[in-house]
Amino acid sequence: MDAPIAQALNLAWVLVAAFLVMFMQAGFALVETGFTRAKNAVNTMAMNVVIYPLGVLGFWLVGYGLMFGGLRGWPSLGAALADHHELGFTLAGHRFGVLGWAKFALVEATHDPTSLAMFLFGVVFMDTAATIPTGAMAERWKFASFLLYGAFMSTLLYPLYGNWVWGGGWLATLGVEFGIGHGVVDFAGSSVVHMTGGITALAGAIALGPRTGKFRRDGTIGVMPGHNLPMALLGTLILAFGWFGFNAGSTLAATDARVAEIAVNTLLSSASAAITSLFFVWRRHRRPDVAMASNGLLGGLVSITAGCAFVTPAAAVLIGVIAGAIVVLTVHQLDTRLRIDDPVGAIAVHAACGTWGMLAVGIFADGSYGEGWNGVQGPVSGLLGGDPSQLLAQVIAVVVNAVVVFGIATLFFRATDRIIGNRVPLEVESVGLDTLEMGSDAYPNV
Amino acid sequence: MDAPIAQALNLAWVLVAAFLVMFMQAGFALVETGFTRAKNAVNTMAMNVVIYPLGVLGFWLVGYGLMFGGLRGWPSLGAALADHHELGFTLAGHRFGVLGWAKFALVEATHDPTSLAMFLFGVVFMDTAATIPTGAMAERWKFASFLLYGAFMSTLLYPLYGNWVWGGGWLATLGVEFGIGHGVVDFAGSSVVHMTGGITALAGAIALGPRTGKFRRDGTIGVMPGHNLPMALLGTLILAFGWFGFNAGSTLAATDARVAEIAVNTLLSSASAAITSLFFVWRRHRRPDVAMASNGLLGGLVSITAGCAFVTPAAAVLIGVIAGAIVVLTVHQLDTRLRIDDPVGAIAVHAACGTWGMLAVGIFADGSYGEGWNGVQGPVSGLLGGDPSQLLAQVIAVVVNAVVVFGIATLFFRATDRIIGNRVPLEVESVGLDTLEMGSDAYPNV
Amino acid sequence: MDAPIAQALNLAWVLVAAFLVMFMQAGFALVETGFTRAKNAVNTMAMNVVIYPLGVLGFWLVGYGLMFGGLRGWPSLGAALADHHELGFTLAGHRFGVLGWAKFALVEATHDPTSLAMFLFGVVFMDTAATIPTGAMAERWKFASFLLYGAFMSTLLYPLYGNWVWGGGWLATLGVEFGIGHGVVDFAGSSVVHMTGGITALAGAIALGPRTGKFRRDGTIGVMPGHNLPMALLGTLILAFGWFGFNAGSTLAATDARVAEIAVNTLLSSASAAITSLFFVWRRHRRPDVAMASNGLLGGLVSITAGCAFVTPAAAVLIGVIAGAIVVLTVHQLDTRLRIDDPVGAIAVHAACGTWGMLAVGIFADGSYGEGWNGVQGPVSGLLGGDPSQLLAQVIAVVVNAVVVFGIATLFFRATDRIIGNRVPLEVESVGLDTLEMGSDAYPNV
């Protein structure tokens, strides 16, 4: 059962990358738990440990079929043996793909390496998106409501926008159908994964409201430091490690020599963002805030995710610098202006930097890469490379993501609030979710 | 010194997989330490850190030669240049291989990539088996006795059954010699690694007896919660990460396109098992017990390990569902009926689910894979695939493993108890092994 | 944009190895933070988290160009498309390469996979060297001074000696120019990475002086146990995991079948060193000191790093045994004789064992490998293989590294001490750097 050697190499590449992305779940668990309080540590950790198997089952049953059911295969991995079908409609002579409709529960895809490898790679990306809101909504979310969310995210919300960009849907074909750039270009998921997760986190944080004591009546902001900063920092390093799989794996091919530049760009953007956040806050507060540097590092990773294959290393550094500033400013704005309580900074890192990452492709793509990627014809250039229409495509993507994801997520949270309630009672919140909601404490006998 | 490209790819695959399996040692360390008490954290962690180098030396000197010394090579990695020899006997015209006898201390295998790659892959699997009992026997095991155990496990006990199934021994050739299925089929070690570790853990937990205060005279059970649940959950995620290397690496070939399905089945079984355990306990105790969900996840991994290459994704989900129930029920039975004290649930996860995983191959193998694997001729089918004799082979394997490993381990623990004693004095147990046995506390100045 | 298949495989190998090496940063962070006190946990962790992005930027801007700018390419990865230039001089007819001078900020190397892959692999090695002193200098180092150090190390100090050995500089060509062995042979960096880091750590620890209370006026030594031993042990396992990438990745080729032996030697040396340290201390203090075993394990890794490709597995075991003793004795000497305060044992592990590792190549290299590596002609033999001149080359390397790195580092620390001061005020040290220097505590609400 030997595959041709190039395909075998690419399959191995995608699998190893998927393993690394899966390991990011540990990074998220540590970042979110470290940045929240000890009395909710089991709950926060549990949401991270449970979203993974829960989302896997949802994506297996439904999500994968909706997101990727329309694709016949991936050139570097071979044609899928299973059926493929994309739902959509035609308007004024233009085809709009909306949702895939095949391979549910992998039934037709059994024993098909191409479909199965893409399921594995797809499901860990879904998991990344799905775990983002558990940070922003931590310390006050009812566990049963979280479970409903996990099922919804993995089966419907994530696959929807995902299909539009990566599954052959209408945002991917904006270039072919309307001549808008090369369609929406999101190499590894600044919008598909991080905006979707981050915008859902925003909707969820608004739906839940702030933690009791965060925004006081006298206008001051309650300081609620996380309980274990080293834990959060370890999580950041794990995320940075796994992110190499996230971005470099997204070539779906080790035979694509661009993998080296993708990895380097990923590294450089994270580095410049971390250092920017560090010095930005240092100038303001005269302290080296390593928690903010850590979120800056993550923001740099999110921001280069869409463009890592399309920009130069120098541009990656610049994208990171801006990301580092965005993280600090967004955290500040959420706290002081918008009064939205995000205990871990997930909205700043994933929604804001995801948006920036998408726009950055439209600005910095230098026309040296893209032929054949996601059905793209010819290399991708952004504004500075002479193609302003690519920036338009990217703007469309972020507007669509923000509106659609925010809208659907808000409707969903309203519905669950009616049915079972989203927020734990005040008593549970003040005693801690671990004792009253989870039934076990994180550190019972230290 | 360039290898042909396919062989080079397979070598790289096996090495990367071995690295991932080695990293599981960190997962075990965290799970076991998190689920035990702070006063024994250094001791529990130390057993995990020390079993690794200790076992490596034992397997290098003796174990590898006994387990794999009888094999000439592995097709995907090439023929071994070193000598090979399998001890055995012939009875009524049937050949019974019992132990390898070559490559001790790798002397003849120096500079032979095939033998060395298999040593690396073999030694980390041994390490996984050897570290399992340190969980079940934690909080009361004398460190010197543990060291003797480590030497024994890596040199003799693990290689013995291992040779029978993977080293060309008599269980592997049950098919060829007696027409019982395709011989014992254990793709990545539900029995070779997990039952061997789990059954030894059972023998050891019985030999040591329960922790003082666990089973009270009035029949009630003392609650002894672990000291750091987030630590244990992090360990679970690390194990799930490394397990991809464990199972998908066991093709010994990236050129075997089955790797994708193996990885997917591994994921699906762990997911359905985790969710099953979660809801099972939730229904019973009306709390989402994330520690049990985490053990369920591990049980799902153990259960799919034997069959991951031979069953469909849908069967993997079903295998996981049953594994999730087995974990919960076994933990319950050990506590309430058998009154065997296993602080971390290692017996339920590894012995019980390892048994189930072996049987599951005999039930669900669908006849689509197997030709050439471990000397097998033709694809492997189980009961549902029309070959009931395969289930018989699997039953033989679990009975042999249970009887032989339990018997030898029990004899060994009796012997060490006479020589140096297995259990720490009561005073050490109540003060904590860290202070009195290890000479340093885990958290001295927090 | 498909690379020929062998080159694609090698590129993937180097990238995956680089990812693993990057993950070692998490290991260092945990080892150093676990072995230091809770009041300085944020500071210690922060130095580890910040050295990474800081060093990346420094190496990108300057360091990579100085270290590798003189090389045209790497055979297994292809020729670099970018310019190359090595600064140097000719003395008495012999060419002395001193520093590379090309590819600064990767400008000329944009879109060149070979240069970019080597940048990635190079930068994570630099990061390893740069993070070593943060352990030895922990608990008393001013954060601003640390930042200056990070910039200096990544741009100048590390690349200098690095160029001499790996960049085509004069130590690499000692064989060709003077017939001294095959030039300095340091396969994966016992000297380039570990001695450079360890010797800088020594200079830094001397420059800072001991922590207050460590060496008392009455001659006794203050015991200052770290705050979280399990954290440190987890870090050790992560380092052991990443080290496989460090050593096996240094072939720069998966097509080099030596990768298997390299990984096995790495494992064996770490194992024998850990067990040696464990029993050595046990005999002395009658306690199994797992912290020392853990440092022994790391010392074994450092010691085999130079020679992993050149020695037999049996020699690797022996190298590890000696490394295990060296770690214990060096820690003891630093404490009792030299009265140099190294909170985590970094000098013993990296400087002392790095030295031993370099010498070990000159003793144990068995003439079975080396042709083509780093421009070497013919296989490398050491003293026991019949070439005493190789040992001379190795002696030259360790003397040069010790003198040059110690000298430059000392001058640097003197300069920074004048400009901004290296050491925090006594009050900051006694309250803890977290509260007063970093502005946040590690565990604020447990």
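Each chain carries a letter (A, B and C) given by its place in the written order, and its residues are counted from 1.
The criterion applied here is as follows: contacts are C-beta pairs under 8 Å (C-beta built on N, C-alpha and C of every residue); 3 or more make two chains touch, one makes a residue touch a chain.
Note that the structure is predicted; figures quoted are calculated from it, not measured.
Asks: Among all the other chains, which ones are in touch with both chain A and chain B?
Replies: Intersection of chain A and chain B contact lists gives C.
Asks: Same or different for chain A and chain C, when you check if over half of the residue numbers at their contact belong to both copies?
Replies: different
Asks: Could you please state the distance in Å, as a whole number, between where the Cα atoms of chain A are centred and where those of chain C are centred?
Replies: Here chain A and chain C have centroids separated by 35 Å.
Asks: Touching two or more other chains, which residues of chain A qualify?
Replies: In chain A, residues 5, 9, 12, 16, 443, 446 touch at least two other chains, as defined above.
Asks: Mind listing the chain B positions that touch chain A in their complex?
Replies: Going through chain B, the ones touching chain A are 5-6, 9, 12-13, 16, 20, 37-38, 225-230, 233-234, 236-238, 240-241, 244-245, 248, 253-261, 263-264, 267-268, 270-275, 278, 285, 287-291, 293-294, 297, 312-314, 317, 368-369, 371, 443, 446.
Asks: Looking at the complex, which residues from chain B come into contact with chain C?
Replies: On the chain B side, the touching residues are 1-3, 5, 7-9, 11-12, 15-16, 18-19, 22-23, 25-26, 29-30, 33, 41-42, 45-46, 48-50, 52-54, 56-57, 60, 105-107, 109-111, 113-114, 116-117, 119-120, 123, 143, 231, 437-446.
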